[in-house]
Amino acid sequence: MSRKKDNYETSRWKKFKSWVDGETDPLDHGMEAHEAIPPREDIYDSAAHEKAVKEELSKIYGEDRRAVLRARGIRYFQRFYKVMSVVLCLGIIMVLLWTVASLPITGNASNPDNNEVAARYIEKGLQETGAVNIVTGMILDYRAFDTFGESCVLFIGSCCVLVLLRLDGDSKNESIRKMIAESDDRHFEPKNDIILQKCACVLVPIIMIFGVYIVLNGHLSPGGGFSGGAVLGSGLILYLNAFGYGKMGKMFTEKLYKRITLCALTFYCLAKSYSFFTGANHLESGIPLGTPGAILSSGLILPLNICVGLVVACTMYAFYTLFRKGGM
Amino acid sequence: MSFVQNFPFFSIILAMFSGIVSSVLSGKKARNLSLAMIVVTTALSAGTLAFCLKTGESYTYMMGHFPAPWGNEIRAGVLEGVTAVLFGVVMFLSVAGGMTHTAEDVEDSKLNLFYIMIDLMLSSLLALVYTNDLFTAYVFVEINTIAGCGLIMIRQKGRSMSAAIRYMIMSQLGSGLFLIGLSLLYDVTGHLLMSPAKESVELLVDSGSYRLPLLVIMAVVSVGLAIKSGLYPFHYWIPDTYGYATPTGSAVLSGLVSKGYIFLLIKIFYRVIGYENLVGAQMINVLYLFGVAGMVMGSVHAIQETDTRRMIAYSSVAQIGYIYMGIGLGTTAGMVAAVFHIFSHSATKALLFISAVGLYEVSGDRKDFVSLRGAAYRNPLAGIGFAIGALSMVGFPMLSGFISKLLFATSAFDSPSKMLPTLFVLAVSTTLNAIYFLRLVITLYSRRREGDKPLPPNPVKKSSRGLKFAIVCFIGLNLVLGMASQPIVQAITDGLAMFE
Amino acid sequence: MRLFECILLFSLIVCAMSVAFTKDLLTSIIIFMSYSLIMCIIWMILQSPDLAITEAAVGAGVTSILFFLTLKKIRAIRKEEGSEQEEG
Amino acid sequence: MDVSLVEHLLLNIEETVSIVLFGIGFTILLLHRNLIKKIMGMNIMDTATYLFLASKGYITGRAVPIVVDGIQDVSAYINPVPSGLVLTGIVVSVSTTALMLALTIRLYERYHSLDLDEILILAKEEEQI
């Protein structure tokens, strides 16, 4: 018994030493330890029978025992993870539903969220921002910092998509990328479809005018830079689908996209910085608000809406072309 | 109003603006712009800190023409100033240290996009530090997430892309929970700015209404941000993410991004929910338990790892456990220790990642233990850097890790019920830390043997000046945090007092 | 109006569930698109036309287009792979 | 189950539904193996939160917050704050969706699979070779 223990001690020490030297994989070490002291395996794995079957199987199929063990570990882990996740999700739903049951009732004017904040937006919004649409006035004047952050989210999102999907001339694994680019999915669809083109002839101008209307009237009616920009972007996408990249490429290149985005965001950034700076230092901004209700009113909101609209339209179109063929 | 008070706003806008401008610059110019921007931003943050130290109080800054409950606001105080300066320094050194590797890993035509991510990352971190508005915090959390994802997948290797999507999924789960927490909070208080929201929360607590929603808000917001910062049971994305990003990416992600979320969480605890309400609601004990579990399990996982980069990543899990344990102690001293550990860990972990790069350079870009044997002789500076980082993690005196462990231990005495488990876990976790870090350090300083796997031909690359500079500065930063800790701890205490 | 809203809300849940359980990706994308459209009508009922117009343009429009494109791209890759195997 | 609880849930029907949707989206995002489904789940989760917010701003019998005929009375319009927040949120979710779809395409190009578990295993194997 004592000899056995000695042996065990020395082997442990050796293993530990080799592990400190980084010679053995600690997982291997663990497996070897399992072989040396069988009871530990039982703790690890309650279904001893299944283990036996697995070992039979591994003998039959000549599989590496380690791989089987590892795969089984992963499977157990996965099953455990699945069950835990389902329990977690159900728990979250239950707790949140329970919470909802003790929240104030929807549609009630005396709810805590209808407080002095909303009251001031409604009562003085028109005088302070010049925007008839209070929501627009709120997001582009009262809480403009959030909205600036939001356009930065869009900007960085498009940058990430550019990183992932743009195919460059000096791309590293060029042959593969070129192959994929050549097998562009446009090969599988009819070109110059006459029905699509005629429909596009009618629809594109209407969509574009609608988009421009939404952008320009953001401070007067529902909508604004973002929704209008998305409509404009989808108009561009329809045009592209109907008439192909050749025609589109003549008027809309990557350079133009970059310039528009840069100019619009720079203007946005500078205009808002000016407004923040003057606001915080209690200076007059000197931007006329105009008569509420007129198209040229509400100070910076109209130009900002135009900027956002341009950025969003270009970004949506860029997403489309990048997803389609990895470039513009 | 003093002109210095504009500095936090300037630093956020400057970082964003340089990101926007970088989209049309070449890679090299974008890099220089980014480095210059980080220096200027750090200087501005230092100015803010000096101002706050001089006046001895914090101030809010209106973003626009409208005061508190109506317009956006940012807030600067001593703690914000210290954090912003430290984040700026760590960011600068990480970018400078990983510069050459970034240029190798990233395609030339996409290099400027990498620096856009760095710029926007810094701006979002600063915004998270300075923000006084919960919805602004949400928007910038999203910017931070997307930029983090960009930093991971910019290598465009299979492993880094799969790590990126995993990171995105976990982060989105976290953001979803965070957002629903904000919605609930808005529903019961009617405010999104932190100061008025806190007033309403206090009224609610005093009147005893909406007790359950408040509890759920605490839980959901904490869990959301804990998922995003990689607290123990939600840590599965961490090793892949930190292990397969670019060196700069790993350093920034582990050193700054998760810390930004934790800082935001602390800010929400203090400035919205109220720390005493949190302690009263027992929520804190859950965080404590998770933190303790993370401290042990992260180290256990790290011991099992053969890839050194993944090992360092798992050690991050353990260190984040320390931070949550400090938050969970439920005392001000514990919180001070947690905040100090945020600083200490972001300096140390970035140092480890950056100096590990110097060691991989001389081992043919291999990351396993056998190939790294003797690497410290081939690149002495990186070896010293790594050793110091490892010793700091273990808690060697004179280094920053020692101070934070000391703070944790002393703060444990303030809460009698948690004293014994805290001290015990600290001892266990330190031992485990010592096992895996010292093992690696011993490997680095032992000679190569006969039977070792041969290194690939021509393994020794000269490390760039940027890397050497970064390692030296990081060592300095660690020593400063370790030896001159008294004023920093004082500043943290003052800053936390200003949060109230 | 209340009843109409309840029906819409119920169909939202149905759509979300069927997104989860549909095997075919194209079908689930179309269901997701209708989910966005229903959401847009509900927002109209809740007196938020700004949201409705944005959701219609973005949720039902651009997001769905992006999903379709992804699916198309994936099918293109699959087809290419298949043809290569046939050649080989 | 308590009767008043169910009644309250039915009174708050929009919130109840949005929480259920949130749960469905959360579950899909966490558990579904297919990446495209996961992304859809993420979208469902986000829109559910937005529905929650938007219903919080709604007040029965009041109009859209667009000033008509110069009436600027609080009792005439619904709360504009949630609408503004949701507008910001929608943009965020579009950006993340586009980013994740792009990642999906790249991963499919590389591993010819949409199953996240399979992709992770394949990526691991690829590195070992």
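Each chain carries a letter (A, B, C and D) given by its place in the written order, and its residues are counted from 1.
Following the convention adopted for this analysis, contacts are C-beta pairs under 8 Å (C-beta built on N, C-alpha and C of every residue); 3 or more make two chains touch, one makes a residue touch a chain.
Everything numeric here is computed off the predicted structure, so don't read it as measured data.
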Chain occupying the middle, per Cα centroid: A
Comparison of A-B and C-D (more C-beta pairs in contact): A-B
Chain centre separation in whole Å, for chain D relative to chain C (CA means): 13
Rounded Å distance, chain A centre to chain B centre (Cα mean): 22
Whole-Å gap between the CA centroids of chain A and chain C: 16
Geometric centre distance via CA averages, chain D-chain B, whole Å: 28
Touching two or more other chains - residue numbers and ranges from chain C: 48-50, 54, 58, 62, 66, 69-70, 73, 77
Numbers and ranges of chain D residues touching at least 2 other chains: 13-14, 20, 22, 25-27, 30, 55-58, 62, 64, 81-83, 85, 87-88, 90-92, 94-96, 98-99, 101, 103-106, 109
Two or more partner chains touched - positions in chain B: 135, 139, 142, 146, 149, 153, 156, 180, 186-187
Chain-chain contacts as defined at top: A-B, A-C, A-D, B-D, C-D
Contacting residues of chain C [partner chain D, same complex]: 5-6, 9-10, 12-13, 16-17, 19-20, 25, 28-29, 32, 35-36, 39, 42-43, 46-51, 54-55, 58-59, 62-63, 66-67, 69-71, 73-74, 77-78, 81
Touching residues (chain side chain C, partner chain A) in the complex: 48-50, 52-54, 56-58, 61-62, 65-66, 69-70, 72-73, 75-77, 79-80
Chain A residues touching chain D - in the complex, by the definition given at the top: 78, 82, 85-86, 88-90, 92-93, 96-98, 100-103, 105-109, 111, 113-114, 117-119, 121-126, 132-135, 138-139, 143, 146-147, 149-151, 153-154, 156-158, 160-161, 164-165, 180, 220-222, 224, 226, 292, 319, 322-323
Partner chain B, residues of chain A touching it in the complex: 19-23, 25-27, 30, 92, 95-96, 98-99, 102-104, 111-117, 120-121, 128, 141-146, 148-150, 152-153, 155-157, 159-160, 162-164, 166, 168-172, 258-259, 261-262, 265-266, 269, 273, 275-282, 285
Touch list for chain A against partner chain C, complex: 133, 135-136, 180, 183-185, 188, 214, 222-224, 226-227, 230-231, 233-234, 237, 316, 319-320, 323-324
